[in-house]
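The letters A, B, C, D and E name the chains in turn, as written, and every chain counts its residues from 1.
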Amino acid sequence: MQVSAYLIVSALLFTIGAVGVLVRRNPLVMFMSIELMLNAVNLSFMAFAHFLNSVDGWMFVFLVLTVAAAEVVVGLAIIVSIFRSRHEIDVDDLTMLKG
Amino acid sequence: MTNFPVLSAIVFVPLLGAVGALILPRLAGWGWALLASLVDLALALLLIPRLGTGTTHMLALNEHMPWLPDAGISYTLSADGINLFLICLNALLTVVAVGASFGVARSGDRPRQYLMLMLLLSFGMQGVFLATNLFLFYVFWEVMLVPAYLLVGMFGGPQRGIAAIKFVLYTTAGSLLMLVAIIATGIEVSSTHHTAFTLDLAALLNAGVPGNVQTVLFLGFAAAFAVKAGLFPLHGWVADTYSETPVAVLVLIAGVMAKTGVYGFVRFCLPLFPQGVHSLAPIMETLAVASIIYFALEALVALDFMRLLAYVSISHLGVIVLGIFALNTQGIEGAIVQMINHGIIIAALFLIAGAIEARTGTRRLADFGALATKLPWLATVFMIAALSALGLPGLNSFAGEFLAFLGTFQSSIVFGVLGTLVVIPAAWYMLRFFQGAMEGVTPEGGAVASARVADLRVGEWLPLLPLLALIIFLGIVPNTLTAPMQQPVGEIVSSYAPATPSAFEAPGANGHVHVYHPIQVQTIQTQTIQTRHIYVLQMTNALASGEREQARVGA
Amino acid sequence: MAAGVIAFFVLATVSVASALGVVLFRNPVYSMLSLILNLLSLAFFFLMLEAIFVAAIQVLIYAGAVMVLFLFVVTMLTPSGGGISGPDRLRWQWGAGIGLGIILAGGLIIALLNGSIAEGAKAAGMNGLAQAVDHFGNTEAFGQALFHGFSFPFELTGVLLVVAVLGAVVMSRRFARE
Amino acid sequence: MIFAATSPFTYTPSLTDWLRIVPELILLAAALLTLLADLVGSPGRKGWLAIIGLAGAICALVATQMLWVGGSIGEAFYGMVNDDYVSLFANIVILFALGIALLFSPGYIERQGITHEGEYYTLLILAALGMMVMSAASNLMVIFVGLEILSLALYILSAIVTTRRRSQEAGMKYFILSSFASAFLLYGMALTYGATGSTNLTAIRTFLSSHGTFPLGSGFGPLLLVALGLMAVGFCFKVSAVPFQAWTPDVYVGAPTSITAFMSVGTKVAAFVGLVRVFFFALPSLSVEWQPVFWVIAVLTMIGGNLMAASQRDVKRMLAYSSVANAGYMLIAVATHTQAALQGLFIYLATYAVMNLGAFGVVLAIERRDGQGTTLDDFAGLGRRHPALAALMALFMFALAGTPATAGFIGKWYVFYAAMTGGHTELAIIGVLASLIGVYYYLRVVWAIYFTEPATAPLLVLAEEPTPEREPAATTTAGGGVALAEPATAAQPTTSTKVLPADRHTTHPATWLGLALAGVLTIALGIVPMLMVEWALAAAQTLFK
Amino acid sequence: MVNLTPFILLLPLVGFAVLGLVGRVLPRAAISLIGCGVVLAAFVLAVIDFFSMLGVAPEARFSDVLPWTWVTSGSVTIPFGLLSDPLSAVMLLIVTGVGFLIHVYSIGYMEGDPGYWRFFSFLNLFIFAMALLVAADNFLMLLVGWGGVGLASFLLIGFWYTRPSAVAAARKAFVVNVIGDFGLLLAIFLIVKDFGTLQYIPLIVHPASAGTALPSLPLPFPDATAIALLLFVAAAAKSAQLPLHVWLPDAMEGPTPVSALIHAATMVTAGVYLVARASAIFTASPTALAIVGIIGGATAFMAATIACVQTDIKRVLAYSTMSQLGYMFMGEAAGGFSGGIFHLTTHAYFKALLFMAAGAVIHALGGEQDMRKMGGLRGRLPQTFWLFVIGGLTLAAVFPLSGFWSKDGLLSAVLEKAQTGGGTGWYVLYAVGLFTAILTGFYIFRLIFGIFFGRYRGGAIAAHGAAPAKRGGTRDPLANVHEVGAAMMVPMVVLGILSVIGGFYGTPWSDWIGQFLEPVTHTTNTGIAPGNGLFWLAFVLGLVTGPIGIAIAWARYAQREPRFGASRNPLVILLQHKYYIDELYDAVIVVPIVSLGVFWRIGLEGGFFEGGSLGLGHLVGGISRGLRRLQTGYARNYALAILVGAALLLVYYVIHP
């Protein structure tokens, strides 16, 4: 397989994730979309690592995994905290700050 | 004594005064402020014997210290015949303004801040007049703005906030463009001559600004200066600011700060950008004439005497601009003389107007009449100041206006005639103000009819007296002012006039290039120019020189 | 080779479809499951790219542990109808999002099709992953790099995790003082 | 062994490596110490945690100084971090910001009733650590991890007032948007890696300079260019450049003010240093490609930030937009891409840090318990109520407006100067015109402080009515000014006798110290900036070769 | 010869300063003493100067004192110089001499005015300024004096500053005079441009003086016409010539001594002096001279016609002054510069006398100035009556009073000019002059008859300081009317004597004054020589014109009930409205300027500038609010913005290479 093939899959996943953030108002789903974007990038890294014969990509993926895990923890904590105080998690309701 | 950094002292003594004024309570602070301003005045006056000989070059007396050498920034102060008297004026008017603030210090609102800001303003303006590194100049230029903004806004009339912010926005718009022009000047000079980037005026003058960019750079500087001078059509801030500001502050703002703009033209634009100035001089002259006439007419129909004086002030500043852009000796010297005179007169007029308003509580001209019956001394003082303002021959303003118009006339008859025309509306509006307030009949039931009748108090006399003395003295011997600037102005003019040797021209104008040494702290002396005692028989040369003069003007 | 190509296309289809599922499923739980599917398909990609260890942690940690946490929260917060009520005030973002998505994907694909791995970079063989794999074995090579050349970022992840833990504590623990 | 000592598979960190990250290590130690110390002592009296953090910051600062003066500097940990003048310069600014934020915190925490004090301090210090790591990074993955450390810490800190909806909202928005933008950055990094074969900045630089015809001559151009664009998105988000600025005002307003003060400065430093490391150091050969982009973004940011700030009445929000606008001025330096511009950028960062921290500090000092009370109306008459706070605020406002003899002017001067020497006079002109709008809204604060009286009548009258004997208590005020009520308290006149003393807060001594420090530096950097200029030059020379 | 000019200036200046600063607290006697004393001393010095000048040869009668340099700027040096030469000597004698007499007169006239000290202070100021004007050795110092007399005139016209009419008159006088200053300034600029100096010495000394040590004016020189005309603008403004004459009648609002001193004897003649002083420049431009002549003639005629219908006695005299000044300019235009100065001196005597006498009448009637309310005062005020008659006869140029010689000299110069090739225009001017002479005799005796003859037409006159007499009382309404005191009478008598004999130093047979002034004025035209055929014709015409006018006046007004009232004759109405010139100026100049100012204030200042800056502010504010609406608060919108930015960047980079 050409590297381009992986990259195109990666690009598609990334785009879907990005659009997902835009179109969904459930923070959990938005969050999932972000995970999707990160994973798309991971795919690119792995493909590059493979085709470049370079270990950097692997390492980067590992870091991204960790970061994603940490983000999940923090993000879910924030979402839960908000849910606790207002029993609604619609992102569109968070518009006190504007203008 | 030669090693004493007198210029720095002149600049920083007011700052010292400001600090003291902030710390000390009411009258002690006032005393301290007055002391500081008096010391500053004394220091400034001490410069006159050193620089008033008529033989000192432009930028003769220097104090130099590196600051940010990589960026061409240094702490350089210079004094010569051009700024000598402006320094004195600022010091004097600071004394006057502080003196006139006694009431505030005794029982007014926030006296410590008031006095501090006033001295800070004076500090900034001394810096503006003395700085000859462009960066330093800009620093002081803006430092001057801060206390002015606060003074207007904190102590002004009911519309003070708007007036203050308008003032700041107008002036900042100009000065930010100047900032760009300052940087560009340094860059153009250093890249043309492949020298290190510097903003020292002396170094820039020695190197020379490349001709092709002079026009643009000049415009950048002119934006700042023209706004400060209230040149038409950039005057939008003037009337509002002046009518909202307390008079003691106006003494400094109208009396001195307005001069910084026109001073900037002389100090920086003319020597640095001869070609640019030359090509744009007609436009500047047009604007100056427009200012003169337009503001004169506005003064003629103003309903409120503070606004009237504001227009008077900028109309006269138009005369100064006109003189400067005549680009000949008489014009520029007249302009500088007029800067001093204008400062003195407008300060006096604002003090008087303030005294009137304090007594009557109104500033609508229609409310006034026959005050002279109650306030004869005030009327007398007012009369003298008004007469000087309208350019009565024999009082100080006349000398400056005469030279400025003379210079203008020699460079362009049309502008000369149009500019001189202002003497007619000037007489009209000043008399309208004077007579309207002091003479005629008191309107029934107005604020004036029931006004307090106390004439000028000692506290009001003292600030006015030195101004009156100068109005008369400088009208009789204006040569006091022009003599020290012969040489430096001659050097400026030499870049505009063809190098025709003339028995009556200053040596600097003979095409002889003077090299400015900002680094050494010294006063540069050349051979004594022959003193100019004029005797009847010597006048035999006059006609011959007159012909040359004509040739020079024609060229 | 052909098997590889077929596998690639199958996996590509699955991953893209599951990604779309994440975005399009109304119920976040379905989105969640779809995401897990996507992660798994990626793990297979990693296997195809000969990164065995990464594929393993992708399945174990990501698709496993992390997603379980996720699932837990999702189910907790979406008792019925997803915790979202009321009409969507930003429906138009669907149009904008899809439009932009097409542009984005189009741009990326054009760029990616026009470029490939730099020959020079490939020739430089940068840091010889293949040799290391040959020398140490796949997982061992990963470990060697992690604990040698990449020890610093690896240690940094420790800081990151401390932050995450603190965050979780701050967000969830409550004091009586409030 | 078939691998050389520099291979990633065999590289072993030595003592030199560790020595080069001493400041970061000290800070980490301080963070952990704070965490441990949090176990001791009762809630609500944990101001001394700040002292630990402060000690850590000072020690780190000293270490930074020692590294600068005599330490062995250079890359460490297999080229992951680069302990050079750039990172040291950034360390100084970040640690300064951290120190000031720590000084601001005790009083603020007390007043706002923030409960998780231990975590607060630890996260604050760790965020600073993240910033330092990010600015010292010389590898894309360290940049990314550093960025994530600081971001995660800041998400939590923004949302740390869990009882306040605005704070939660700020945390949530920041979290979603920042993660979103990070994904773009990460994708850009991935593509860069693909196009150049390495994540190490030096390697990328070497690779690009050794392939002279690259990138436009070959087919790799688009890949790297797209990578460039995506990374620009990520960095521009972090520095709050238009059109990626939208989160800034919301998060800055919602977050606790001490955090806002810190992140407005620290994030900018870290992000800009990261940005210039990537673009100036690693990708200079592509400057033709990225300069125009940053040109456009700089212009948009300057104009947009200033315009949007112009009509704000909430000073905190206005400062947020001002932060956007200032990012625009800094982006001028990026778009100019010369050594002087880099120097200007560093100077701007440092000067911006002191004055912006100060400005937020004053906002923090007058903020009410409910996190409100930062509008212009609340500043009205401050000159009479709190003369010292008012004077400081005026100073910071003038500084932000770029008045000479303050730090603000030095920064602007160097940036505009660099832009013009770099041939971008038009950017300088746009910059000065935009800053004219800035003058308006900064000085409007001064207007409110000095030119207006408090919006409502003194509450004393209200307090007098039910219980006249309370009057003496109400007239004494700790600020030394005249006791006038905050406007909002007048809205509940019935309970005013209770509300009044509670809401007339004193400013914590540590806050005063922080404000004084910021004030002194704001003036000092405006008048004697030589040392800073020199350091910035050294930093610029390091990076711009 | 000695040159005491600096002291002549200094004395009244000291007087002004002393009286101005401490006069308020000085006793009246001290004020009178100081006020008159300094002028007397100055007069004595002027006399000494004059006689010492007579002692030296005519070419050597120039002495320049240069106390200090006023200003030096580039090639222009202007000293504060005082020149003593025949012209300035004559002028100083008149100024200080007549000035002194009027000071003395004022002691009586202003007695009881609360502003007594102020009045004398201002009078001294005037004497100083006028002395400076005539003694200056260059045009700039002349301008200083020129402005100074304008100021003094302003102050004195507006002396009673609570009268709105006086205030308005003062302002009008000042502003119109400033128009003259404007002309003078421009003339000065041109002189500097052409010659590089403003000193008289090189400018005014004519080729005729070749052979002396003094340099001469190059002829022809550029801009001669322009300079001359600009100088004449100044002269016309100061001397109330068309079209700048409007201020002089109004200036009669001032106290009568002021009218006598400033608006008759001295200041208004400054224009005549200026033309004589710059005779070399005027001579160089025949065009300018012709214009001066036309304006002079027109003013002489027009003012005389207006004077024929006025009823305010001071206004009659004011128009008379204008008319006489017109004569002087006419004569000077014909080249008779010394003749102009000669008439200036005689005019100073008799017009001052007339004003003083009018003042005596007004004083006696308690301030009444309208001759419709006078009549029959001959019996009550006999001395005043006779002095008035002497003045009137002199004005009417009745042989052999001084006015006859001087006016005849002027008309004769005009005729000579006409005869020696000046063109027919000069004949017309001569005819106008003759006709005006008839009018002169008419209006002045209309005035005399109106005041002193016929029946008293006014109301009862109160005694000074007493309440007005009760109406319907049987007492003589003129019971309280008395002849004025010695302080007022003596100066009148002196001037009466001077009016009678003052003409004998300038007869056609022995033109002493012409010869004396010759080194300065270079008079090209001393009138028709006695040997000429036309001489006697002209002489006789001069003899009869005045009496003709007197006779007409006698016929119409020397009756018991003369009619001064309204007339339906449109010509009379036109004259009563002074040709509607004031109204014309209001409509054409004042109203447009003020309207323009107001229009600008509303339209430009309030509209464009104020509105513009506010509008700009609102625009920025509006954009700001508009942009802030993009900041919706929806996180998803923000994400959209990020994505849009990213997409734009991407598209740029993809399509760009």
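To be clear about the criterion, a contact is a pair of C-beta atoms (placed from the backbone, for glycine too) under 8 Å apart; a residue touches a chain by one contact, two chains touch by 3 or more.
Everything numeric in this text was worked out from a predicted model, so none of it was measured.
Visitor: Which chains does chain C share as contact partners with chain E?
Guide: For chain C paired with chain E, the chains in contact with each are A, D, in label order.
Visitor: Applying the document's contact definition, name the chain pair with more C-beta pairs in contact, D-E or A-C.
Guide: Here the pair linked by more C-beta pairs in contact is A-C.
Visitor: Of the chains shown, whose Cα mean is nearest the mean of all protein Cα atoms?
Guide: Central chain: B.
Visitor: Could you work out how far the Cα centre of chain A sits from that of chain B, in whole Å?
Guide: That gives a centre separation of 66 Å.
Visitor: Between chain A and chain E, what's the gap in Å when you average each chain's C-alpha atoms?
Guide: 97
Visitor: Can you compute the centre-to-centre distance for chain B and chain E, using the mean CA position of each chain? Integer Å is fine.
Guide: Those two chain centres are 36 Å apart.
Visitor: Rounded to the nearest whole Å, what is the centre-to-centre distance of chain A and chain D, using the mean of the C-alpha atoms as each centre?
Guide: Centre-to-centre distance between chain A and chain D: 26 Å.
Visitor: Among the residues of chain E, which ones contact at least 2 other chains?
Guide: 628, 631, 633-637, 639-640, 643-644, 646, 650, 653-654
Visitor: Going through chain A residue by residue, note those that touch at least 2 other chains and give them in order.
Guide: In chain A, 3, 7, 14, 17-18, 21-23, 25, 30, 47-48, 52, 54-56, 59, 63, 67, 70-71, 74, 77-79, 81, 91-92, 94-99 touch at least two other chains.
Visitor: Check each residue of chain C and list the ones that touch at least two other chains.
Guide: 89-90, 93, 96-97, 100, 104, 107-108, 110-112, 116-117, 121-122, 126-128, 132, 141, 145, 149-150, 153, 157, 160, 163-164, 167, 170-171
Visitor: Which pairs of chains touch each other?
Guide: Chain pairs that touch: A-C, A-D, A-E, B-D, B-E, C-D, C-E, D-E.
Visitor: Contact residues on chain E for chain D in the complex?
Guide: Touch list, chain E to chain D: 620-621, 623-625, 627-628, 630-631, 633, 635, 637-639, 641-642, 644-646, 649-650, 652-654, 656-657.
Visitor: Mind pulling up the chain E residues that touch chain C in the complex?
Guide: 634, 636-637, 640, 643-644, 646-647, 650-651, 653-654
Visitor: Mind pulling up the chain D residues that touch chain B in the complex?
Guide: 383, 394, 398, 403-405, 409, 413-414, 416-417, 420-421, 425, 428-429, 432-433, 435-436, 439-440, 443-444, 446-447, 450-452, 529-530, 533, 537
Visitor: Show me the residue ranges of chain A that touch chain E in the complex, using the header's touch definition.
Guide: 18, 21-23, 25, 30, 91-92, 94-99
Visitor: Quick check on the complex: what are the chain D residues that touch chain A?
Guide: 8-9, 140-141, 144-145, 148, 152, 155-156, 159, 162-163, 165-166, 168-173, 175-176, 179-180, 183, 186-187, 189-191, 193-194, 197-200, 249-250, 253-254, 317
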